[in-house]
Amino acid sequence: MANPILQIKNASITFGDFKAVKNVSTTVYDNEIRFLIGPNGAGKTTLLDAICGKNKLSSGNIVYYNDGQEYNLPKIKENKIVNIGVGRKFQAPSVFSGITIYENMELAAVTNRGLMASIGNKLPAEIRERIDEQLQFIGLYELRNEYPTVLSHGQKQWLEIGMLCVSKPRLMLLDEPVAGMGRRETQRTAELLKIIQKECAVIVVEHDMQFVREVASWVTVLHDGEILCEGTMDEVQNNQQVIDVYLGRGGE
Amino acid sequence: MLNETKAGKFRIQGNTILVTIIFIFLTAAPFFMSSFRMNMFGKYMCFALIAIGIDMIWGYAGILSLGHGVYFGLGAYCMAMHLKLEASGGALPDFMAWSAMEKLPGFWKPFESTAFTLLAVVLVPVTVAAIIGSLTFLNRIRGVYFSILSQALAYALATFMIGRQEYFGGSNGLTNFSTIFGCPIQSTQTKIILFYCTLAALILAYVGCRFLVKRRIGRVLIAVRDAENRARFTGYSPAVYKVFVYCLSAALAGIAGALYVPQVGIISPTDINISPSIEMVIWVAVGGKGTLVGPVLGALVVNFLKSLISEQFPAFWQFFMGGVFILVVLFLPGGLVSIKEIPAKIKARKLKKEE
Amino acid sequence: MKKRDLWKKILSVAMVGALSMSVMGCSGGAMGEATESSTETTESSEAEESSEVTGTEESTASGDTVKVGILHSQSGTMAMAEKPMIEATQMAIDEINEAGGILGKQIEFVLEDGASDAAIFAEKATKLLTNDKVATIFGCWTSASRKAVLPVVEGNNGLLWYPVQYEGLESSHNIMYTAPCPNQQAIPAMDYLMENYKGEDGVLKVFLFGSDYVYPRTTNTIIKEMQAEYGFEIVGEEYIPLGYTDCSTVITKIQQTQPDVIINTINGDSNVSFFKQYKDAGLSPDKIQTMSFSCYEEDIRGMGAEYAEGHLFAWNYFQSVDTEASKAFTEKFKSIYGEEKVTGDPVVNAYEGVYLWKAAVEKAGTFDVEAVITACESGEVECETPEGLITIAAGTTHHVLQKVLVGECDAEGQIQTLWETEDRVEPDPWLTEYAWASKLTTDSE
Amino acid sequence: MDLLLMQLFNSLSVSSILLLAALGLAITFGLMGVINMAHGELIMIGAYTTYVVQNIWKSVFPESLFDGYFIASIFISFLVTAGIGVLLERGIIRHLYGRALDSLLVTWGISLVLQQLVRSIFGPTNVSVACPSFLDKNIEVIGMFSMSYKRLFILALVIICCILIGLLMYRTRQGRNIRAAMQNRPMAASLGVNTARCDALTFAIGSGFAGVAGCAIALLGPIGPTIGQSYIVDTFMAVVVGGVGRIVGCITGSAIIGMGGPIFEFFTTASLGKVLIFIVVIIILQFCPKGIFSISNRVLDE
């Protein structure tokens, strides 16, 4: 396989007395679509939160590689993590409702997000093109001057994914990207992921098994904060342990 | 470049017309108002200046400060110290004498210099704001918690000023000035000059802030207001933007304070305490937060009405003011500038009912 | 689209017009005033003065009435103190009007609300002088409000009658003080305490306790300056913010230091907290006496007489003063404003201010401010008041000659006189007669 | 020694008064998210109710029963302010749920109106309440240290109120409904809880406790139209620093401010003490941005 982009080393996360993630280690490679699956409360979202800096690790480390450099993510501030190429989409769609859809994209697309750069107004033609392209792809081009309040739940999800894409991350963390989407939209998201995959690695938390089957290159199953097993979708599906604790109980 | 939607275009133009009317009215004011009324409008313009600053942090960045009296006060006290030294002409300011002070305290000395004073008027509030702001915003104190904290700040400063009579004149504050930069403060000419200075400051502040909010920074601020964490995970540092805009509003409040003192002739801890600080926020709410013309309109209208009504019905103006705040926030969340949208809203509601 | 904009613009111009019309009220405009005054200054100063004089004469006393301003807080924290002042002033005006007015003119008053905010006081004073062109203003309570109004009356050549006892060290050409300055209240009261409240060791131990405010602080500074000369000992000095409701900590400090007397210069609401909590702590006047300078019958009524009973108060007038004039005044005040009302020194000061002004105007023969002030400075302006004969001292101090009383509160909330000065005390706001006070006054202009 | 005890007792007493005033606020602010700036005015109305009850009682009952007025006025004050609370909630506050900062401004307007209303009815001057004779005593403990019955009574009153609130919220069906409605309105509604009634009830209870507080402070301080203002800032500080939404937070906050204030004051001056305690509050907030006892959740942006 290609180069590793993210290494989680013996990561544990505790909230008070509760151990949400216990000693998890895994490596994500470039151009991979990694799925985290597992029952509710397995620690999937918590793990994503730890990668992007929202939660603190109680022990272990998360290392991120980009451009030949090595970053210890737990030591870096959230916004800096984004600026070195790790993008995050949250479970509940969260976009900026006070500015237009185009402006939402603009904020995500600009490369220098410092104060001074924001007072200067220039938006390079290259970025503008990228935004237009992305808007067209997610089907929001016609709505670009509307405010996000007019969007449906699924459209908001897309807008958020679109915002992630234009920011050109190296590693993308998606939390339930197809929740609230219809079949057709889900399909389109799958296509989108395939395109994204060419340029970066993606970690997805998802419950929609069909979607997982369609796009996953590698699947990690979490249960009670621990890794139950890892492998391709087929391997995971046939793993007895997984069937017992997850698929069996879920009664799919 | 982009086709603006009809609604957007219409709204912007409405506000532009409104602000032009306001500024033309103010420019013309000295020609038809008595010097007393003009002086009062001078004071209201200082308030409008503060209101713009508060709107920048509240309307755009979502930080509700209930302690902006602090920055207003710091600017005002800096100016007042200079004027007081000018008035006492080398002697010890009167209040120090009767507080049994024997010589001028060291930190008063630099205020003899005009240039230092003018700098201090901006820099003192900004420095304090930068310290308070970076502490609280980096520690992610937000929303109500910040509001209450800022309130505590106003209260603490006012109490402190009252307690240090020998340095700041106590509850009397600083008053009884004679000249400003050599011009007699009571003369009508000086008042006119001050009026136009204030107007110029107000216009500059308006144009400057408008420039900012039209830039990307304006959109970042709105983003921080609407979804601070999302902005953080889009790669922006909310604290940096917040501290910047907080300092900006502190600077505006400081300048407003400095212009207020020579026009009103007094600054006392009463004017920087909690009640006036909340009133500042109310001007913005009444005028319409999130637009720049709103706070200007709000500050002018609310204060003009307050003066007018307290002249006509001294015993009942509180009823009126309280009533206005309640009605505006309840039924006109967009403030006075959103009045023009009401017919559309009623229509929409009717349509909904018919459906 | 363009047409609509045009209409909007026309509409807006009309709006500006309407707005400006409503604001204008009077003609001229500040610009006009400015050019006027600049031409005036080129003329001789004498001419300017005379033109100004005629100007005020015309506007203040046009027709059959003369306008005066009443400027007190009707809202905010000071409203409770200042309300009786408004009532007393109005009562005096009504009486004078019934008796035929001043120089044949009826007094018409303009009432303004200072809203317990010094800046508003300044604004309203300017309004009264420049817009309403009043002949004089009666008003202010707090030092802050007086200090704020001072430059306004001086700048606009107005006249303020200030009715509340205050810290002294001030005299303005344009203010008349009908209330005592420290040498007419605090200093004689200290004399009284020195005579009667020395401790067993022959030394008077004093605890200074007041609101965090200019009057208490300055009064206490004066008392501290007296220390060397008088030989009393100051064992503590504490201030609480205005409106503070918890005095228990200060009371602990009082118990710790065991003074003979507490000099109480608390203002307003906090007095109630202090006296209530003083009693709660198991203290009483026979254990540690208090002497209050800023608490009168009205405050006692507001807290309940049981808390103030036995405590000492120093004023120039008590409601209990047993003269015909005093009784008649109190009776009349009650009959107008309600049986539960009480009078007291500040109320009487507000009342007599109007009469002193009347006397001064009648002596001057005109409402002109300069002439009235000159009359006042002659030392011949006086009138009979509930507290006896009151005279404005000759010279430029602008204070009145009055007696000083020390009294003790009884179970009914009435302060009964224990001691009084033999004669009326000459006002000495700058304490020039007192050698120990030299430090306080050296820097004055 | 006796001074130390005295000062401790003072601090305890100040804390108890603050807690009494803050309890109602903890309910309206903590449970409903309404920042009620008019809370101080409700306290003031409670105090005025005591005054009115006293006057009516005097004219109706014989002199010997006079002391009973105070006990009656505690309940009547509760009912009166709770009634005003219901009116406010139904008339105004209910339009403001979820708009915490707007509720702050509106209730500020309400406070202006209530102040002026009281001033118009009772006049701007203070009124006085006679202390019932059974409270007008002291217990001498040692040396100069004596505890006044009033302060002990207020302490007891606070404890009773805390227990009552605890029982009400955690032991009764109504309390469960209220908590359910406050946490998840649609869910509670779909389970058959009348949320509108819960809102009104909660606000009424919070306002009612303001009335009780007013009744208590009438014993120690002045009664005038503006007294609400002297309590509102401290009470907000207490609620916020302790952490919104929990009674224990409210108790802690009141203790910090109530104990800290007099202690600082004892060693410095009243003004400086006040400034210092506020600085302490600001510092505490730096470390616990949501108060000492805060409830965390997973929502990204509220």
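Every chain is named by a letter (A, B, C and D) in the order it is written, and numbering of its residues begins at 1.
Following the convention adopted for this analysis, a contact is a pair of C-beta atoms (placed from the backbone, for glycine too) under 8 Å apart; a residue touches a chain by one contact, two chains touch by 3 or more.
Since the structure is predicted, the reported quantities are computational estimates derived from the model, not experimental observations.
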| item | value |
| --- | --- |
| Furthest chain, CA centroid comparison against chain A | C |
| Two chains sharing the most C-beta contacts | B-C |
| For chain C paired with chain D, centre-to-centre distance based on mean C-alpha positions, whole Å | 36 |
| Mean-CA-position distance for chain C and chain B (Å) | 32 |
| Centroid distance [mean C-alpha coordinates] between chain D and chain A, Å | 47 |
| Contacts with 2+ other chains: residues of chain D | 115-116, 229, 269, 271, 274, 300-301 |
| Contacts with 2+ other chains: residues of chain C | 74-75, 212, 239, 241 |
| Residue numbers of chain B (touch at least two other chains) | 159, 162-163, 226-227, 229-230, 315, 318 |
| Of chain A, residues touching chain B in the complex | 52, 54, 77-79, 82-83, 87-88, 90, 94-99, 102-104, 106-108, 110, 113-115, 117-121, 123, 144-146, 163, 167 |
| Residue ranges of chain B touching chain D (in the complex, touch as defined) | 64, 66, 135-136, 139-145, 147-149, 151-153, 155-156, 159-160, 162-163, 226-230, 274-275, 278, 281-282, 285, 315-316, 318-319, 321-326, 329-330, 333 |
| Partner chain B, residues of chain D touching it in the complex | 35, 37, 92, 95-96, 100-102, 104-106, 108-113, 115-117, 120, 229, 233, 236-237, 240, 244, 269, 271-272, 274-275, 278-279, 281-282, 285-287, 289-291, 300-301 |
| Interface residues, chain B side, partner chain A - complex | 2-5, 8, 212, 214-217, 219-220, 222-223, 225-227, 229-238, 240-241, 244 |
| Residues of chain C that touch chain B when the two form their complex | 5, 8-9, 12, 15-16, 19-20, 23-26, 28-34, 37-38, 74-75, 111-113, 115-120, 122-124, 126-127, 130-131, 142-144, 147-148, 150-152, 155-156, 167, 169, 212-214, 217-218, 221, 224-225, 239, 241-242, 439-445 |
